[in-house]
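Letters A, B and C name the chains as they come in the text, with residue numbers starting at 1 for each one.
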Amino acid sequence: MTLIQELNSTEPLLEIRDLAITFSSSTGDVPAVRNAHLTVMPGETVAIVGESGSGKSTTALAAIGLLPGNGRVTGGRILFAGEDLTQAGPKRIMELRGNSIGMVPQDPMSSLNPVWKIGAQIKETLRANGLPSGPGDVAQVLAEAGLPDAERRARQFPHEFSGGMRQRALIAIGLSCRPRLLIADEPTSALDVTVQRQILDHLENMTADLGTAVLLITHDLGLAAERARKVVVMYKGQVVESGSAQEILTNPRHPYTKRLVEAAPSLSSRRIQSARAAGIDSADLLAPVAEAAAAADNVIEVQDLTKVFKLRTGFGKSTDFTAVDGVSFAIKRGTTTAVVGESGSGKSTVARMVLNLETPTSGRILFDGVETAGLSRGELLKFRRRVQPIFQDPYGSLDPMYNIFRTIEEPLRVHKIGDSRSREAKVRKLLDQVALPASVMRRFPNELSGGQRQRIAIARALALDPEVVICDEAVSALDVLVQDQILNLLADLQQELGLSYLFITHDLAVVRQIADHVCVMDKGRLVETGSTDSVFASPRQDYTRALLAAIPGARLELPPEVA
Amino acid sequence: MPEYRRDHIEHYVAPIEETPLQATDKVAEDVQPLSLWAEAWHNLRRQPLFIIASVLILLIVVVALLPGLFTQTEPNANCQLANSDGGPAPGHPLGFTVQGCDVYARLIYGTQASLTVGIFATLGALLVGGVLGAIAGFHGGWLDSVIARIGDVFFALPLILGAIIIMQLPFFRENRNVWTVVITLVVFGWPQVARITRGAVISVRNADFVTAARSLGVSRAAALVRHVIPNALAPVIVVATVNLGIFIVAEATLSFLGIGLPPAVMSWGNDISAAQVSLRSNPSTLLWPAAALSVTVLSFIMLGDALRDALDPKARKR
Amino acid sequence: MTWYVARRFLQMIPVFFGATFMVYFLVFSLPGDPIQALFGDRAVNPTVAAELREQYNLDQPFLVQYFLYLKNLVTFNLGNDFSGRPVAEVLAQVFPVTIRLAILALLFEAVFGIIFGVIAGLRKGRFFDGTVLIASLVLIAVPIFVLGFVLQYVVGVKLGWAKPTVGAQAGWSDLILPAVVLGLVSLAYVIRLTRTSIIENMNADYVRTATAKGLSRPRVVVVHILRNSMIPVVTFLGADLGALMGGAIVTEGIFNVPGVGQRLYQSVLRGEGPTIVSIVSVLILVYILANLVVDVLYAWLDPRIRYA
């Protein structure tokens, strides 16, 4: 069949019917996927959307025979161009890999062999699939990836490439043998925000040119709707809804899909923007209305903050690396100020300096009008009571050896607050505030989920009744629905306790929901600052515009309120 | 995206009964609390390697503490050359040594020396190596480099060589007893413990919960003791357990070379060494203490292996 | 890369000085008459004592002694042993034997260790793996001299496949049995290290990418898993060479191999301080050089290190 013929045919390229996949573990068999079904037509892009544990990756990887060692297909069929892959032997699957079904993996940092040159890894792909593999062919593959200076690049090692470049190389490898189906497993989750859009655009262009069908796996409903024609929603191992992207967004019928549509930050942020443009107040908005806070004073003021690190580059030599360069902003009491930037922008360093965990090279930080540098031990301790952090990784921010009670009680003990009875009462009250049952006190972090641990971290941060909470990417590592829960919790607590937040994040969509003010950072410099409304409605700097454009779902048409 | 088809895409919704929506992130309330150690213990209990090793070790410890329970014979009392190299006889199940002493009794009483050396050498290496490694790992910088170089210096001398040098010092030559052997083993055994401790401390000190503790107001020293060290213990415990076994073998090797425990002390190493001469005629005099030694060492190393698997962070469920 | 090598080299210098200083200190400068210590338990012979005093510069300040000793070491002016032979000559005779022994042991442990470790790792959890694990534990637990005696008896005497003792003519084939004994414990470590490394790399992301590209399983195993797993193993083997030279004492004793270890042991029995110090110092040097080679090898195998 010629390409055009194939693309116009009505035979599905990939059809998954009633698929069941089971994992065997030390505690017995665990069903990971049940009754999964989806269809991919030639040349079509289909997205599978779900949270972690939904089975989306497992289902897609089963098609290419890449289930982990303890997983196996226990029922159903995977039909690729009419052939049932569940009945095919390993040899047949190997033949199909590369030139019929390709894959782009999730993490570019670990998905390339670090000890072989990029060129060698491309060459072996071409050779294994029976294609010409001379240096010219390898260079061409790299050029298709959008990597300039292909011949030189081919002689380099993966660690000499940036994350975005590596992902381009992986996409090129995946498409190098012109497969009819490409499985893209969260291809941009591990990349910086502005790079994500470029990579996805590039992927879209290449697959369109080649007529390759794409099975796109993602957790972001907005991204799925923007890039795919058809969206399949999976929940706890089953397909709960599927249909055209537009239909799913405007008319979700399954309760889970409805929740996803409500909670997805990229969609919420679009809705808020539309609402603002139409002059309506959006129900998605978590931050209190800006005007009420206008009269409040500055609880934290950062003036011309600079931090320079010395990096050792040679024998006795070192270069200066300016992580933060002359940053100034203020946080009004009772509001949320977000600092947005990609990796390397210096936003986390700013947070650490505000928390007094790093000393600035120059500049001042004023807390309630008082400089935070040069505080005595006693004053520092008092400062710590009033400013508390919540960190990104819920799996690392709680001491695994401490049970929950000890974890939340620790700040009280360190500051010698109350006696053991009043401390226990306080811990109970805090757990109640973060909507966790008191029985969780005796448990340990390893027994709880990411979202639950993050709530414990919030409880611990509130133990000292602080005035300011620094959230350093506090929700970035959480699933969409859990993220929504935590953001709502944070907003409620802010209302209840009059907290001020410094919210560090790379996700502008989240910023739209939760922040009153935004500071955009790029490579250590403060690029733009202003109220969230004004920055979103009329960004002044190109970088800000690029960040805004990078929010997935920018091209979607959404009505202001989606019930 | 070019539209090559205009066909209608079916909107499929799964039946709600088959795909019920559960509450987001609910805490299971009726579960028993399970700390990491409890979880590890849970896993360990079911491992055959662990069970066998623990039973053996328990047995060996009992033999060391209460040798009288296992044999009535006084090991050195009735050594009669007439019985030299004799085979098993009533009351002497394993025969006689070159000097006519009862093999079995010496085996039982020899447990004490070997175990004492092993335990104290391990404790000593843990103390010296653990403290230095923790300081080096936590402090970093120049202190780390200095300690690392000092460790390298000791690494440069393999255990046997170093022991030879130390043992020929006058002080050691004159006072050969359990404690000098222990000291020798500690002197050359601490760098390995230090290296493991340092690695463990470094990997823990950058964890967010340590930063969280510091931002609460916990001092650096308190953070080290209360947060870093408890979390760095797992690999250290594994290496200490394995080292126990290795030190026991080392003591035997030193005794074999004649620079270990003095012949007056009853130990398996000495017995093996003494039995060399009768290897051809009556190999069992050498093989019995060798077997006892090997079984003891094996059980400690098996225990260490089982512990390492149980405490492996990658194996923990998230 | 050159910067990396240079840095490692510079780090080794204090180690060399530290180790040799420690040895020298332990032998020559503890309280008590060092000459008496050199003589051990025997009576001091005045003429020999005077010679030794001069030879070892004992009337000089300690640090000067030490540097003169180092200078002598580097120029191979190592003095004489108690029977009057120059130590340097003695070493020239015994080192080649031990080097041959160590190389054979290294080959043995490398070849068999890697093969068994790879198979065990690839078939994790199955029968072969379990057997190999238990066997490696046993090898570590049983003292080397017991293994030596048993093998000497079984292979040398009972089966007659090899000479039970080696004696003066230590050719390559005579050294095979002692080399096997010498390498047995390290074999266990190599097996375990290889196995762990293979298991870790088997589940790595880049292996999944390689499989997804359509590469055949054998190619994935050899070119990707094996190649990356070898890195820690090779570095261990390199460092082990130095350890083997030192550990040969026991093996050479059992099989009567006229190598460094045996000479060292005899010197210990005779209380021959100067020889002991010289031999140990050379061994330290060997260890340090072996480590440097290992570091360079590591950088060659793992490109990421070259830029560290």
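Basically, a residue touches a chain if its C-beta (ideal position, glycine included) is under 8 Å from a C-beta of that chain, and two chains touch if they have at least 3 such contacts.
As the structure is a computational prediction, the values presented were derived from the model and not from experiment.
Ranked by how far their CA centres sit from the centre of chain C, the chains are topped by A. When every chain is represented by the mean of its C-alpha atoms, the one lying closest to the mean of all protein C-alpha atoms is B. For the pair chain A and chain C, the distance between mean C-alpha positions equals 50 Å. Mean C-alpha position of chain B lies 23 Å from that of chain C. Note: centroid distance chain A to chain B, computed from Cα atoms, is 43 Å.
Residue positions of chain A touching 2 or more other chains: there are none. Residues 7-8, 10, 35, 41, 43-45, 204, 208, 229-230, 235-236, 238-244, 247-248, 251, 253-256, 259, 355-357, 380-381, 384-385, 388-389, 391-393, 395-401, 403, 410-411, 414-415, 436-437, 439-440, 442-444, 446-449, 451-452, 457, 460, 464, 481-482, 485 of chain A are the ones that touch chain B when the two sit in their complex. Interface residues of chain B facing chain C in the complex, by the touch rule stated above, are 149-150, 152-153, 156-158, 160-161, 164-171, 173, 245-246, 249, 252-253, 256-259, 272, 276, 279-280, 283, 286, 290, 293-295, 297-298, 301-302, 305.
Residue ranges on chain C touching chain A, taken from their complex, read 3, 6-7, 203-206, 208-217, 219, 223-224, 227-228, 231, 301-304, 307. Considering their complex, residues 64, 66, 68-69, 90, 94-99, 102-103, 105, 107, 110-116, 124-125, 128-129, 157, 159, 170, 173-174, 177, 314-315 of chain A touch chain C.
On chain B, the positions that touch chain A within their shared complex are 1-2, 4-5, 7, 9-14, 16, 18-19, 21-22, 24-25, 27, 29, 31, 33-36, 39, 207-209, 211-218, 227, 230-231, 316-318.
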